[in-house]
Amino acid sequence: MNHTVREKPKLLARVRRIRGQLEGIERALEAEKRSAEVLHQIVAARGALTGLMREVMEGHINSHIANPQDPGDGTREQGAAELIAILRSYMK
Amino acid sequence: MNHTVREKPKLLARVRRIRGQLEGIERALEAEKRSAEVLHQIVAARGALTGLMREVMEGHINSHIANPQDPGDGTREQGAAELIAILRSYMK
Amino acid sequence: MNHTVREKPKLLARVRRIRGQLEGIERALEAEKRSAEVLHQIVAARGALTGLMREVMEGHINSHIANPQDPGDGTREQGAAELIAILRSYMK
Amino acid sequence: MNHTVREKPKLLARVRRIRGQLEGIERALEAEKRSAEVLHQIVAARGALTGLMREVMEGHINSHIANPQDPGDGTREQGAAELIAILRSYMK
């Protein structure tokens, strides 16, 4: 079973929390808060998104490259190529 | 008038678009998509959030440091100190 | 006097330390160290360079935008435009 | 043979180029150049270091996780654990 399936409840909880942070940014803009306050909220949401990305990446490394177990996991070569493509778009 | 007030409609539209990207990530996890696909969506949402941060930061630099015009904008010293605090938390 | 002039000895010491880290990476590659070790050294040098950037940026914010004192410091508008250009190239 | 050994000449050339960029930053500080100019050089050196990191990371993914070939390459589990540790220190 895919790691994002196994960890689905935990990952969904994280995404929803970040969505809540976005709603907070929206409310701060609506309420015409000072830009420094809005910026702190954006930095925090971005940090949380980075944490989520790292979490999913770690699962990908283990389940799709180091140790694929299901036929649906694909080959190691595919998993490695996918991760490399993601790192290239992320580390621009 | 504060830059985040002047640009409120544009900034709100951007935040809502990013919130939509978060909902897309949630749906991809619910639908048990492959982690590479989820990762591409996370990288895209994170890039959009970085763009929003830069936008608000630019307004802050102009309205609160270079050229504060309203009494409510605060002093240049305050604006500079706020930006420095944000850069420190962002550029860890 | 420009902040990078006033803080010249401290900034030069930092740049030289980072140059030393680069020499360490070169030696690790020459000695055919394991890539994980090389990567840790690269991450450390990159972190140090980020710290240096933040330091110079903070001086720029104070001396060229919030509080320019010498004629050679240029106008606030110029300082703000320069910082925005740098943030755009950095936060891609 | 380890990927950093196979690609040693190319990687060394890259590290030396970045070292040259650091020397350029040192000269700019010595010559008391305007901070905006120093900042552009720092952003460029940091970008080059990110590119080097990605290059070594890609080799690590292929040689130490997806497809280790030599006994000296270590196990896939070791390679995966090393990459995860590096991503954690990098994506703080």
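Note that the chains are named A, B, C and D in the order they appear, and that numbering of residues resets to 1 at the start of each chain.
Note that a contact is a pair of C-beta atoms (placed from the backbone, for glycine too) under 8 Å apart; a residue touches a chain by one contact, two chains touch by 3 or more.
Note that the structure is predicted; figures quoted are calculated from it, not measured.
The fewest steps needed to get from subunit B to subunit D, moving only between touching chains, is 2. Centroids of subunit C and subunit D (each the mean of its C-alpha atoms) stand 17 Å apart.
Centre-to-centre spacing of subunit A and subunit C amounts to 29 Å, using the average Cα coordinate of each chain. Per-chain CA centroids place subunit B at a distance of 24 Å from subunit C. Multi-chain contact residues of subunit D (touching two or more other chains): 50, 53, 57, 79, 83.
If you draw each protein chain as a dot and join the dots that touch, you get one closed loop, with every dot joined to exactly two others. This structure has the following touching chain pairs: A-B, A-D, B-C, C-D. Within the complex, the subunit C residues that touch subunit D are 2-5, 8, 11-12, 15-16, 18-19, 22-23, 25-26, 29-30, 32-36, 38-40, 42-43, 45-46, 49-50, 52-53, 56-57, 59-60, 63-64, 74, 79, 82-83, 85-86, 89-90. The part of subunit D that touches subunit A in the complex is made up of residues 50-51, 53-54, 57-58, 61-62, 65-67, 76-77, 79-80, 83-84, 87-88, 91.
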